[in-house]
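Each structure below is given as structure tokens.
In the two complexes that follow, chain A is the common piece, with chain B as its partner first and chain C second.
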Partner chain A sequence: MLKQLTNYLGLVAAYTRLNLNAQLEYRGAFISQVVAMFLNDGVWLVFWTLFFTRFPVLRGWTINDVITLWAMTASGFGLAHAIYGNVLPLAGLVAQGQLDVWMLYPRALLPHILLGRMSASAWGDALFGYAVYLVFVRPDLQHFGLFVVLTLSAALLFVGFGVLTGSLSFFLGNASSLADQWRFAMVTFSTYPAVLFDGAIKLLLYTLVPAGFVSYLPVQALRELSPWYALLALAGALGVTAMGVLVFYLGLRRYESGNLMEMRG
Partner chain B sequence: MMALRKYTWIGLTAARSNLAYLSEVAARTVFLAVILYIFLRLWQVTYGDTGATQLGGLTLPQMLWYLVMTETLTLSAPRVAPEIDQDVRTGALAVQLIRPLSYPLARLWSTLGERLVRFGLNLVVGAAIALLLVGPIAFSAGGLLLFLLALPCAFTLDFLGQFLIGMGAFWLEDTSGLLLIYSRITMILGGMLIPLELFPQAVQPWLRALPFSSIIYGPARMFVHPDAAFLRDLIVRQGLAIVVLSGAVALVYRAGIRRIHANGG
Partner chain C sequence: MANSNPIAVQLENLSKTFELRSGWGRNRIRRAVIAVDGISLTIPAGQSVAFIGPNGAGKSTTIKMLTGILHPSAGQAQVLGYTPWRERRELVRYIGAVFGQRSQLWYHLPPRDTFELLARIYSLDRGSYVRRRDTLIERFGLGEFLHTPVRKLSLGQRMRAEVAASLLHAPRVLFLDEPTIGLDVIARQELRDLILEWNREEGVTVFLTSHDAGDIERVARRVIVINHGRVVLDDKVSALRRQYLGSKILSVKFHAPPAPIVLPGVTTLKASEYALKLEVDTRATPIEQVMAEVLRAGAVADIAIEDPPLEEVIAHIYAGGSAPEVAAGDHKHA
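Let's look at the complex of A and B:
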């Protein structure tokens, strides 16, 4: 088990290095995408700063909590798609029958295919998340350690959620648009304080659009330095990922090849 | 006169062809519904916590209708910069140059036609959602007429900004980062997320002087709070910005087309 895990982590490192080298072939474009995403996230921080300058407390949340929320979502989303970038076009890959080439490798299909691409802008998100947390929240070592663990949990959640929504193409034909909209809802809800929502919407945030595992539990865990909230966040991420993997492999039985000629460099 | 008819036809053709993509409306409905619901909750909580009936001179229903208009304006923007970027990179611009048309003017009219259709469809969807969430606000025929007068210059200004970014393809490896930064600056400084009245007093005059507020804030404010004096000021600011940006477009375009090298046929 440990040997398998080490072996897989080696594969992750190799793919990340290769994907990064491929991105750096167009160094200017890569840097501009990273910087643009960093600034894009920064604009939201400006919005929240303006908001909290005018209204200092929002249902018990302060500007520091919202910065933590943005740091968590951005770094989780960034890490997920910087390493597992193929999760974004997964619905399209399935619909167009482009999994064949990945089936030829002596590797487990899903964890391998997800490594096939890197989103350049995701590096901007990841850098932004860690930078703003360090610069604005100024955590002690304990808080920072917990923050790093929770960003990994958020990244796992985003990957699992992406697999779940992308796998809908096995059942619905081309579900790219549906997957995009569902992901959009997830990301959007993840960037607003969960305390804004009550009732049925709150329930939605822990089920259909599981943003609460990014926007509430991790922030509470860091506010109170609570292992309980951290474990709940991790359990949510593992649950969503398990569901995604299950739906993917159930759907795979219905997969039809696109008979496409493909070459991978 | 002949030239005007030519460009009007370009605009009408773009509008007609855009009407064919009504399926996009469904995607926008989800997007707008999620965004507007989140904003409604954010402002409901804020009005509730502060006990205010008006913020920035707007009641809660007016605030939501203001946000419907800012989102409608933002989402109706056609992807001008990426298209121009592609025309430059693929050499399609060289083909445009042999036509008896001014490329910037043809692009402007085609963008206006496309935007008009997208704006109308977005407004219908946004208004339906706002009616459902907060009900109607007081509209008058005169007020709506004043609002409509503010639109053409706002659309033109946004086009000029995007045209300049697209022309950047002559010098830059990738202009998508620049476009992202432009759209985010328009979002925050243009008052898309928060009306300018809620910004700190000291920066408000600066923000009103920048062209971004003439694209988003000005028309949206006219929509919920029509005022002839405000419109007069807005049109003067829009006119000045159009003159300055048109000059910049002329300079950049002239410099850009000198760099075109076309071979073959």
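Let's look at the complex of A and C:
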């Protein structure tokens, strides 16, 4: 088990290095995408700073909590797509029958496919998240350690959710648009303080659009330095991922290969 | 299991049906399209086989079932003793696949980087990987562009790197789906020679699909023709040319203008004052009789007997020529 995990982590490292090298073939484009995403995230932070200048507390949350939320979402989303970039076009890959090449390798299919691409702008998100948390929140070592663990949990959640929505193509044909819309909803809700929502919407945030596992539980875990909230966030991420994996492999039985021209990298 | 099996590929009544749906509501119609219709055949280890047929005949679907990509609707298949769709991960360690329209090379990176990644994917031992890689670089002549991004390579160079990449883990069976598509004459010839060399020297079983008669003639010893998902011919490539159409092309040059040659089954394709090109249907008139008539017609300066171009033979079979239906697996080939 440990040997398999080490072997897989070696593969992750090899793919990340290769994908990064492929991105750096166009150095200017890569750097500008990273910087643009960094600035884009920064604009939202300016917006929330202005908001909290007028209203210092929002249902018990302060500017520090919202910065933590943005840092969490950005770094979780960034890590997920910097490493598992193929989760973004998964619905299209399935719909266009482009899983063939991946099925010819002696590796577990899903964790291997996801490694096949890197989103350049995701590096901007990841860097933004960690930088903002360190610079503005100025955590002690304990908080920063927990923050890193929770960003990994958030990354897992984004990957699992991407797999779940992308796998709909196995059942609906081309579900690319649906998967995109659903993922946008997830990202949008992940960047708003969950304390704003009550009732049915709150229920939605832990079911159909499970943004609560990014936008509430991790922030509460860091506010109270609570392992309980941290474990709940992790359990949610694992649950969503397990569902995504299940739907993917159920759908794979229905997979129909395609004949599109295809290049990698 | 994979290395000791004397049978590389065995199919028994393998079938694949796709379901097409169209229309809405009550007008929704489901239609079954049979892509592969009960194919049975056996390919011994080390054999090179051309698996050919017109577009939509079921070639690629068969290859995808044999590599575990698609599940069949019915029938059985074993590749190196593995059932591909059930034991895909175990099987793919021992097979290589090249799809002419799909690349496993990283487009923006040099082939060397993809080789390194493949070594990691197949968990190859570093020492044996380096030896294997260096052999492939030398034999496939990859040295000059090994460090050049794939996007900057010619199609011929890319396909050489592609086939080399598929051989890196020393597969026992190599599936090639139209590997020479789009290549120029020289690049085709080079690639064919390399595949043939690997088949002969390493004993790799080659399962090739192609629309190019040259690929079939140069690489394969056995040809299996499928049409509408069924095997319509299974024979040696040489026998296909010699026997199937039963015709010969006879080119004769004379020292003086010859007398006319009139025999049943003999057609004049081209005629000049001192030369004749005849097509002979040997089922109507034996070639010896035609030769005797040619010698009587005038003093012969030169004579050549050729088989008809393979392309014509294949086109004839595709067009529904009177190919005898061959019970798959009946043929034994060395």
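The rule we apply is simple: the second predicted complex is superposed on the first by the 259 of 265 C-alpha atoms of A that agree within 3 Å, B and C clash if a C-alpha of one lies under 4 Å from a C-alpha of the other, contacts with A are read in each partner's own complex, and residues count from 1 in each chain.
Going forward, contacts are C-beta pairs under 8 Å (C-beta built on N, C-alpha and C of every residue); 3 or more make two chains touch, one makes a residue touch a chain.
None of the values given here were measured: they were computed from a predicted structure.
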| request: Judging by the criteria at the top, classify the pair chain B and chain C on chain A as clash or fit. | output: fit
| For A:L225, is the partner it touches chain B (first), chain C (second), both, or none of the two (neither)? | neither
| message | For A:A185 in the superposed arrangement: first (chain B), second (chain C), both or neither? | response | first
| Regarding the shared-chain residue A:R107, is it in contact with chain B (first), chain C (second), both, or neither? | second
| message | According to the stated criteria, A:L11 is in contact with first (chain B), second (chain C), both, or neither; which is it? | response | second
| message | Per the contact definition in the header, classify A:V135: touching chain B only (first), chain C only (second), both, or neither. | response | neither
| note | Geometry row: CA centre of chain A as apex, chain B and chain C as ends, angle in degrees (steps of 10) is 100
| message | Minimum CA distance, chain B versus chain C, superposed model, integer angstrom? | response | 16
| query | Taking the two structures together, which residues of chain A meet both chain B and chain C? | reply | 26
| Residue ranges of chain A in contact with chain B within the complex | 26, 28-29, 32-33, 35-37, 39-40, 43, 46-47, 50-51, 53-55, 57-59, 177, 180-181, 184-185, 188-189, 192, 196-197, 201
| query | Quick one: in the complex, what on chain A touches chain C? | reply | 7, 10-11, 14-15, 18, 21-22, 25-26, 99-101, 103-108, 112, 253, 255-257, 259-265
| request: Give every residue of chain B touching chain A within the complex, in rising order. | output: 27, 30-31, 34-35, 37-38, 41-42, 45-46, 49-50, 172-174, 176-178, 180-181, 184-185, 187-188, 193-194, 198-200
| note | Contacts from chain C onto chain A in the complex sit at residues 18, 60, 64, 67-71, 88-90, 92-93, 95, 97, 99, 101-109, 113, 116-117, 120-123, 149-150
